[in-house]
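Remarks on the structure that follows.
A, B, C, D and E are the chain letters, set down in written order, and residue numbers restart from 1 in every chain.
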């Protein structure tokens, strides 16, 4: 068991645990902070996958911006203490969801096991690196891909953000 | 990573942590004495140990003791968990950011070349912004968990301010990133060893004067220092988000602010003032001299020490600048702050980026790319 | 719109001043405020350096060692003057208590054994926390029995410490050396000036 | 080295947790948080597959997912705020009519 | 040096950005300095480019400077780049040189306008777009410049947008141009479909191989491009916008609507000469349209009373000449006339601007007169311009116009020659009519005349420079017939442009019409001299007639106009073209819109479709709505369970 493996199992366990806490938590602020933790774990997992740029972006954008927005909303609506009526749903709904959820995971894991392409080995990484761009996951490689092959989607995304911004302002503005 | 490597890493991390935590009392001392001298006062000079007051340097120690032994008070209406968590969440990102700042050139230990930097991440500066963006959590939680309207207002202000100025901070550095073509701080510092026309050190401030100005202003805003300390404006908000904090929890906020200041200054130095580069003496030359003097191993240590001295001197200057500005400029009004951030800094940063890109394009074109 | 005119002010001048102060008429480098900021920082730095070089500029008085020299007419803590015999000169006439705007003097009069002196204060208490140190009692006293010192170092751990009784008022200056402060006026009184409210 | 399947399995587990959160929670904010979990689960599998195949498209997609998530959060939260103004609650069980 | 070529368009762009973004805060002096300075620098650089190109051997004088990859979609990949060859550099020299003079002039002319910064920003943007147009190395990039100049033209015509008539003129120009642009786009698509690329060099290399000479593809490409050119260059039938465009400030008229933008159509045809030589029918259409426009516009110019409108119709007419020249495959002659026309027409417009300036924005010729004594520099330079355009040797107009006419004759198009010939006489007549009405005779408006004053040096200096150019500008293209006897004076322009049209010679030789033979056959020196003399004669005749009618004997003019009243009326209404358009295009369009609104929308869609569809949906939804609980989560759960079941079925099957 080398360092990467240790890191993976540690982070995976923590990610699952915090995600469960997010979903089951009673206090939205607590849920949110657990989600931040979960995103940190995911960023860590990205690092084990050599996707450093995305790891940084994950924290910068997700944890640093999007979730802060959530936190703002929770605080401004004063939902922090949790509402009494907003706990977990009734037993039948829960049971149905849990059952289908379990089935879903089972199916997915089953599929994944069947469709395993190849284990990631050092030799393979090297081959991939040589075949692909300078280093898969480096900022440079992603930048090149974004501005060469994905230029149109990239520009469209910027438009999407603008539209979202305008929409958010219009929606949240107090009506006069 | 083998045992030695781990040990070296731990040693570096320990060194940096030691440095940062010890910088706090020093800065407190500098701030109080500096303020006093600027205002024609004397400043703390009373506390002494066995008669040695050390020009007031003992005062921070006394403060520490006081913070530790004061009553640890939690307001009854506060949300206890988050109230306790907030100062810690504020402190950790402040401490973590320094990890990517290089403070000297490589040092030779036996056969091993050791990077004088806690973590050499290939996303370097991006990591700084990522971690810095988390600082807002502590502030928001502190204000909200205190359940005090002044705290809450302070935290809302502070977070809006931090988010707003994060943009111009990031954008102002991007120009430099484009010039150097790397995100790694140590590469940037190394690149700044070059000279312009063989005379002027090719520091970031020479390449990106506007970027430098914007970055410095943004760092002031990010660290909530005057003239941007709206979040704690004593007169209106009774010090804002940490109104309800006392004793060691307050001290934690205090430490976080000063560490953030140190980190900010270290970033300014590394990005725009050549980091550990000794002006006019390239790293190779310096290493050559010291190696002649002491041999390659010990020589690299001496060189690193000199470079660390250079780094510290620049760092010290900027820390002093923080203090100096604080006792010179008055506080902004909130609308002025937002206007400056969004309508002046951001467009300027964008323009700077555009111009830099255009110039780089022309230079690349002229170089016959 | 009719121009607002102020007596004695040429409207043209006002306009010029107003225009000079609008931002638009300043050159752009001024409007960046950078020169002004640098100027301000120069000011603070000059002070710092001056203070590093010599301390004469500092306004601070290092208090316990160095004390501020107050006016000889400073109105600090009161004391009761004594006769040569050691008794208080006070004759318990209640003039001071009557004059006191803060109502902080409490006197119980008693028959004095000496027939030349009608009364003496059995109790004479000043509440130092109520007192506003106006000095009216000193002026009111016909016997020159109460006076003020230049003492301002009045700290105490309990409120009771500030209830000064006769014994304390008579004798506290024996324990601590304090200069005299406000004394009753002893010169000629110019009635006319007094009537104009000035002594 | 960790096999790809482990990453994908982890992604599946996280995704399901997110789905269950969306299905069972009635607090709109928590529903949003659960959606974020789902998005991130997918991101994880995309990054893992990128690593396995050496094709960078996966990571670029993750980049877009994060951007879209930001837009979604902004608009979604604006809707929640607007709803809260009207209903004084964020219980999605109460958002059951199409009229305002 | 050639690598600096991108700076040529970028400098005006920088000027535009500076003035456009910060103009409000700059002083008037610095606005003008930025505006004129950026173009002046670009001019200097262009001269540098010219010199650098000249230093290369003749056959290597075609340099492509790549800038960046503009777009790539699938197999299609387009790099933005600049093409530097004698043709484009000639155009760039004209654009920056004349442009610079007009910028300088504008600094005086627009001195007191509150929108000065806007004006200079637009002018700079125009210069940028025009330079992109002429320096582009591909049709799409050319089209960017093409649209850019159109935009600037629109902005500048409506520069004083607070008056509706100006804004309307701008809109008219924009809309009429769209018609041409649409055809141009179609032409581009056709090129791409036939040749698979849009960059000039590959297109022109592939065209002779891929396109059948005289075939339909070549014909349609050439025709569509030409329709685009008629829009931009105000040729029949899309000429209607240019006279209205005179609502813009006069320097704009000089720069955009006389010297540069309107010649873009000529440039495009010349640039695409390879395609045109493959389509002789299209070329003939070009020539016919050019000749028709030349005489048509010249005749209208006879009766105009607005000083700028006379010049506008004259411009249309002169552009007709250029197309006539190009249409008879005399590309050099077309470009030559383009260059000289830029000089003297800019001069005439600027002179007119000076007059208007002096008369306090009076443009009506009938209220001028006798201004010669008041405006000595303006009147002298205007006279030179009029002589140049009338075709009096040795001024510039003579050489270029004559070369076109000679080419028409030599190309076997004697009919076209005759039309051009008559138009030349008309040109001389209306130009001198203008000069006499404005500068000679007695003042008709004593008040305005009294206040008239010569313009400041910043305005007259460009006039003088342009006047000098109008005199000597023609000497770069002295025809062999004249050059040989004068001591072997070479035809510099032809020599310089030769590499560009080399391939044209080859094609021409192979063209079915056998033009080359015919040219050789007809190219007798005697004939050439004769024609030359004839055209001088008709120019003198026109001038003489104008002198007679407008200077010597106005009474005869009255009688003459009374006799020709119906013709005059037709000319004054510009052959009723605008009215015809209104009746043929605008009215049916409005009627169609009304039909769509009242019948299709109100009756069909709102009345029938909406009610029926809506009713059906209401009925159906009443049934389906029973399933709705209103809770999104219930639906989501159903979806999720369904997804799991389907997934399970697929995976475990």
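The criterion applied here is as follows: contacts are C-beta pairs under 8 Å (C-beta built on N, C-alpha and C of every residue); 3 or more make two chains touch, one makes a residue touch a chain.
Only a predicted model underlies this, so the values are computations on that prediction, with no experimental measurement involved.
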Quiz item: Using direct touches as single steps, what is the fewest number of steps from subunit C over to subunit D?
Solution: 3
Practice problem: With centres defined as the mean of C-alpha atoms, identify the chain lying farthest from subunit D. | Solution: C
Self-check item: Per-chain Cα centre nearest the global Cα centre, belonging to chain
Solution: B
Self-check item: Whole-Å gap between the CA centroids of subunit C and subunit E
Solution: 90
Quiz prompt | Intercentroid distance (Cα basis), subunit B paired with subunit A, Å | solution = 29
Self-check item: subunit D-subunit E separation of Cα centroids, rounded to whole Å
Solution: 56
Exercise. Could you list which residues of subunit B touch at least two other chains?
Key: none
Quiz item: Which subunit D residues sit where two or more other chains touch them?
Solution: 19, 23-24, 26
Quiz item: Every pair of chains that touch: which are they?
Solution: A-B, A-D, A-E, B-C, B-E, D-E
Exercise. Note which residues of subunit A are touching subunit D in the complex, please.
Key: 2, 4-5, 8, 12, 15-16, 19-20, 22-23, 25, 28, 31-32, 35, 38-39, 42, 45-46, 48-51, 53-54, 57-58, 61-62, 65-67, 69-70, 73-74, 76-77, 79, 83, 85-86, 88-89, 93-94, 97-98, 101-102, 104-105, 108-109, 112-113, 116-122, 124-125, 127-129, 131-133, 136-137, 141-142, 145-146, 149-150, 153, 157, 160-161, 163-165, 167-172, 174
Self-check item: Parts of subunit E lying in touch with subunit A, wherever the complex brings them together
Solution: 637, 640-641, 643-644, 647-648, 651-652
Exercise. Provide the residue numbers of subunit C that touch subunit B in the complex, in ascending order.
Key: 37, 40-41, 43-45, 47-48, 51-52, 55, 57-60, 62
Quiz prompt | Contact set on subunit D toward subunit E in their complex | solution = 19, 22-24, 26, 92-93, 95-97
Self-check item: subunit E contact footprint on subunit B (complex, rising order)
Solution: 362, 365-366, 368
